[in-house]
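In what comes next, subunit A is part of two complexes: it sits with subunit B in the first one and with subunit C in the second one.
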Partner chain A sequence: MPLPEFDYIRPKSVEELVSILAKHGSEAKLMAGGTDLLVLMRDRLVRPRYVVDIKGIGELQGLSWDEGRGLTIGAAVTLNEIIASEVIRERFGALWSAASELADPTVRNRATLVGNICNASPAADTAPALLVHNAEVEAVSAKGSRKIPIEDFFKGVKRTALGPDEFVKAVHLPNPPDGAKSWYLKWKRTWGEDLALVGVAGLVANSGKWIVRVALSSVAPTPVLVAEIQNAFEGGGTLEEKIEKAAASIPGGICPITDVRCNAEYRTHVAAILTKRVLRKLLGLG
Partner chain B sequence: MKKEIEFTINGKSRKLTVKPNELLLNVIREDLGLTGTKYGCGTGECGACTVLIDEEPVLSCLTLAITVDKKKVTTIEGIGTDENPHPLQQAFVETGAVQCGFCTPGMILSAKTLLDKNPNPTEDEIKRAIEGNLCRCTGYIKIIEAIKLASVRMGGRRK
Partner chain C sequence: MKYSYMGKGVPRIDAFEKVTGTALYTGDLRFPGMLYTKLLKSPLGHARIVNIDTGEAEKLPGVRAVLIGKEAPYKFGIYMGDKTVLASGKVRHVGEPVAAVAADTEEIAERAVELIKVEYEELPGAFDVLKAMEDGAPLVHENMSEYRHAPFIYPKSGTNIANHFKLRKGDVERGFKEADVVIENEFYQPQVQNVQMETHTSIGQWLPNGQINIWTSAQSPFAVRHLLSVGLGVPLHKINVVVPYLGGGFGGKAGLHWEPLVVLLSKKAGGRPVRLVMTREEQFYTTAVRQGFYARIKTGAKRDGKITAGAFFYVWDAGAYADYGVNITRAAGYSCTGPYEIPHIKCDSLTVYTNHPYGTAYRGFGHPEFHFATERQMDLLARAIGMDPVEFRLKNAAVPGRITATGEKLREDAGRVDECIKAVVEAIGWGKKAPKEVNGKLRGKGIAALWKAPAMPSSTSSSAILKLNEDGSVTLSISSTEMGQGTPTGLAQMVADELQMPIEKVKVVTKRETDFSPYTWQTVASRGLFMEGNATLDAVRNLKEQVKTTAAELLGVPKKELEVAEERVFALGRPDKSIPLAKLATAGIFPDGRGIGGPVLGYGYYTAEGLTNLDPETGQGLPALMWTFGAQGAEVEVDPETGDVRVVKMASAFDIGRAINPLLLKGQVYGGIVQGIGSALMEEFIFDERGALLNKNLTDYKICRTQDIPEEMVFIPIENPQRNAPHGVRGIGEHPRISIEPAIANAIYDAAGIDLFEIPMNRERVWRALRKKGEKRAFA
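Moving on to the complex of A and B:
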């Protein structure tokens, strides 16, 4: 089926993009890789009057890291660029592994991290990684710029905290605590491309005090961070006991549904198992 | 609002007037008559519509034609001919990696991207590289064999 008609705008600067959205905000849709947007338009689920292609904006193409400021990923950076980054592989393992698990190499040539979170699917693979890494979303509009903690960014299925005239310029990830490790495990029906039945990101650090964070995709209307996990590591007990306690807190922190891909009970079961697996992996327990 | 775009298709420069909502896949098949590129699902799932844009594989069913202005597009017709096939095309034929042939152009372009970057891939790397290409009839074993054969012929060290 052909796409519905629209006007195509390709701004060259953030300034130009700001003014386009100030004028046409509610009738416009931004296009980064287009791998979500064009499918939704094809199915007539969204019908923008203007498609605003942001891939020509140089300011959105940067991927940078520094010891003080951490990691900054611009809105036009593709998932393949993320996978190619040594710094991300070494210090932000959950983001690296999530990007590597998203779709397939051809889709990842186009698809962006920012597109993945702005699409706000409960199954967004990169969202749990951003949650365990305490990411911040830099949103810009004619009124100025603001930083939205990733925990406040997702508002429901396909809904975000962004206003109609606002766009995401970049995502920032602070440097993780000393010695931290993180990873993402994705449970899917086939070895190749599939959306997550359940996805779990974990981050673990211990320099005197435990810092343990776990976030999940495909188990609630939005990607969720399960705060109780931290408590499981604060009391006494062996590491094995802490992991069991952490996994026991998962069902209370999620609210999965039954859909075409699997049922809710199965998701709850797998979520707890993947939580144990990711924690064991990060703690070197094999 | 129609717009004139100028781009290179399989080494030749072309000018075309396109509407914003036209997909690259339709332009390639209908306006340029290059029917090697296939329309499978139209939603990014099957890889049959894979083409190279500036040497990188992209799904033409999820690409607006208007965005290839000033770019270099390569389709399956651009990498070899009947008389002088690409080593991958030759290997697919010899190995029996083609049954109906619908997935073949996309498979070969994904495999070419792999071998151009990594001349001596492991079997796992081959499987990862064709993850986005569905074959519903040959099965993947022969396809993987063909890619291995081509990698040897193209100078990879595989035995």
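Moving on to the complex of A and C:
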């Protein structure tokens, strides 16, 4: 099926991109991999007058890490580049595993992390990973640049905190606490490619005090961080008991819907199961 | 013998062109002046069309034809003439085309479609197959009694029932009285899609002189020509149908589909070729799909394991048009028992119209659907009488000498379901001690048997032409299409063996073209290798006869002393009496220059033998040219927390008579298993309450991906040759896909103790069943 008509613009610098957005605003749609946008356009769900391809902008293609500033991922960095990064695999396990679970290898060759969060699907695989890692989104417009904590970035189904003239230049992940481990588990209808029925990212660290964070996708209008998880680890009891308590707090922290993919009831059940599984994995309980 | 290809894993003869992308499919073809089609589809499940305004669309530059149903009143249908190419008067399902535009580009056609305005008056719909059978249900076809239909179809006028197949054998009530145990269960399978890689694609041209040319992704070129001729009232010789390679058919491209639409658009556009390629979404809800299925089965058995009676009530959700559905209803009806002898049988198999997308053939022709019911029932009944399900099956197995549901006594060469069952038992280690729990997952094994015969007219036929070329090579023409199954390779092996020449010297024509190619009924029903094989062997005999006749004159040797091998005709033991085939291809030549004979063109045919019509009241008769028997076994792992079912191993055995090409055979078997697992665990049409399909895409209609394929697949060929078959072969195209669902369902019971009656056995459904069982235990 053909795409509706549009003008294709491929800026070469961030400045150029800023002025294009200042001029066209909501009539323009940014395209990185295009794996979400082109499908929406084909189905006539969005009809932008301008498609602005950001892959020609060198500044957006960087993936960097250092001990001080942590991890920075540019808007044009693909998921396969993330998967290939040793640092991400070792220190940001949730992001690495989420990227590895998103769609399939051919899609990941084009799809980007920033595209995944800007699409703002409740099912975005990388969002829970960014939530447990306290990521920050660097947004740029003609008015300047600002940092948006990832918890404030998602505003609803397919809605973000970005203004019409604003774009995401990069995502920053601070270095996790000492000894931290993180991982993402995704539940689908099949072992093959699928959107998440439920996705759960967990992060666990303990250097004297427990730091435990769990975030989920596909169980609310936006990806959510369940704050009560931390409380479950603050009282006494064995690790097993803490995990049970954490899982018990999941239904109160989410509000899944019933749709063509599955029932809300099943999502709630699986969210608790995956929470247990990801925590057990991170705590080395097999 | 120098050349021996029978039983060898010869690589596909079309592998090179398919792998390199040079093989042509309908969608690759372009013609000068060709137009592109887009469809306007109904958003409603059942509605009267009040008005269609195409004015704006027609004004759009580049639009060459806009067609609506009123302009195309022709009725089509292979068994029931119930379908127009565009909805006329009313729409009968969401996604049904209401108008079509042919334009210079796809973009223009798309824009024009958006400019067409349709006014509907919504009608109450028939969205549930069982409710659609009730008195007073909204009628999908008010004028069904006026439709032309095949003589073996029994519609009930004034209802939604398009066919009622009846089978009565023995005295079923007496049979139930003789039983020690009687059980009754209901089973359900949803509508699914064939999901061919290549969507339906057709190019049509209706020239001003009356000639109609069609290039199409159809399984059966001669059926397209015939049905188009009948529907449009055009003489056959004015229609030429060309079929290149198909990118998968699985039954969904049998018969006639969108060919009449592109032809009528072409006529309106002054004879320009018009192309239509279905989108993936249209493949789900505009074009044909597999019927939904409901079964209620009552079976009785004695404590010693002998089944005494079976009552089979099958209801088929045909959707809006009958298409192949009415014949699937019949084929499933006469095979209703599965591969077992049951003395007393009653079967009612009904095709019911609903306001769903319309059903058609799908690999297995109803057999995957009803075998899920019958093979689950076999396990449930075995359990009820306290017998091992394998022993129970063997006790009742339809082995040679036993009587089928239609009263056929199985011949000695009919194939052995018992050997298939035993082979699968061995392969999956049935009854052997194995851990019930591995890493928190529950393990179990299940087994299911099967049978299927081709559903064909009693006089179905095939033909073949074998041309001898001037260099001694041969060219085989057949009209059975190639859609992945590999029949041309098998036939090339047969020709090379029979003529004792290298297979490299045998060409099988890839294009099928009704103006030139020999007739065949259809490429369906797992009939290709059997029917075309017989026709090809007949053509080889005919070619040999021709070359021997000429050679006998030239060599001065009686014809009966001559042999053909290694590209020569010769007399055994007399090296001086020999002539190359190449020297006979156009004509023989005497030493003085005189010619003899002529161009050699072997012709052969095969017509089904010994089939009869079935009695309309009792269903008794001989419907089966051959039965292919089989058995399939699954080993599964069930996650008790989430309901996930993983098929760890799948073993299959089929009595294929003779393996012509074990390599391609494996391909068929593995492909069937993968397709079956998709349907067993994830595939299903999900509708809203007004008949809109909610998952008409591959995002939400899941099919098997590489990760879902079992770690281990085992295929055991059983080879008891069939008497009237080429080299003893039986059809195998559909069978590997038939008993996957029941094998897995039976294994799930073994693993987790839950009984499933509904397909697909997806994670959520299995989890619900596990939870229900858990609750029962908690309250017990």
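Heads up, the rule we're going with is that the second predicted complex is superposed on the first by the 286 of 286 C-alpha atoms of A that agree within 3 Å, B and C clash if a C-alpha of one lies under 4 Å from a C-alpha of the other, contacts with A are read in each partner's own complex, and residues count from 1 in each chain.
Keep this in mind: a contact is a pair of C-beta atoms (placed from the backbone, for glycine too) under 8 Å apart; a residue touches a chain by one contact, two chains touch by 3 or more.
The structure displayed is predicted, hence computed values, not measured ones.
**Q** Does subunit B (first) or subunit C (second) touch A:Y184, or do both, or does neither?
**A** The answer is neither, since A:Y184 touches no partner chain.
**Q** In the overlaid three-chain picture, which partner chain does A:F153 touch, first (subunit B) or second (subunit C), both, or neither?
**A** After superposing on A, A:F153 lies clear of both subunit B and subunit C.
**Q** Go through the superposed model and pick first if A:F167 touches only subunit B, second if only subunit C, both, or neither.
**A** neither
**Q** For A:L195, is the partner it touches subunit B (first), subunit C (second), both, or none of the two (neither)?
**A** In the superposition, A:L195 touches subunit C alone.
**Q** Have a look and say if subunit B or subunit C is in touch with more residues of subunit A.
**A** So, of the two partners, B touches more residues of subunit A.
**Q** Could you say whether A:R261 touches subunit B, subunit C, both of them, or neither, answering first, second, both or neither?
**A** So A:R261 only meets subunit C here.
**Q** According to the stated criteria, A:H269 is in contact with first (subunit B), second (subunit C), both, or neither; which is it?
**A** It touches subunit C, and subunit B stays clear.
**Q** Under the stated touch criterion, which partner chain does A:N109 make contact with: subunit B (first), subunit C (second), both, or neither?
**A** In the superposition, A:N109 contacts subunit B only.
**Q** In the superposed arrangement, which partner chain does A:P2 touch: subunit B (first), subunit C (second), both, or neither?
**A** A:P2 contacts both subunit B and subunit C.
**Q** Once the two structures are fitted together, what part of subunit A is touched by subunit B and by subunit C alike?
**A** Residues 1-2, 5, 104, 191-193, which sit in both footprints.
**Q** Which of the residues in subunit A end up touching subunit C in this complex?
**A** 1-2, 5, 104, 187, 189-195, 260-263, 266, 269-270, 273
**Q** Which residues, counting only subunit B, touch subunit A once they are in their complex?
**A** Interface residues on the subunit B side: 1, 3, 19-23, 26, 42-45, 47, 50, 56-59, 62-64, 66-67, 110, 113, 127-129, 131-132.
**Q** Which of the residues in subunit A come into contact with subunit B in the complex?
**A** 1-8, 34-35, 38-39, 42, 51, 53, 55, 103-107, 109-110, 191-193
**Q** Touching subunit A in the complex: which residues of subunit C?
**A** 105-107, 110, 279, 641-642, 646, 681-682, 686, 694-695, 699-700, 702, 704-708, 762-764, 767
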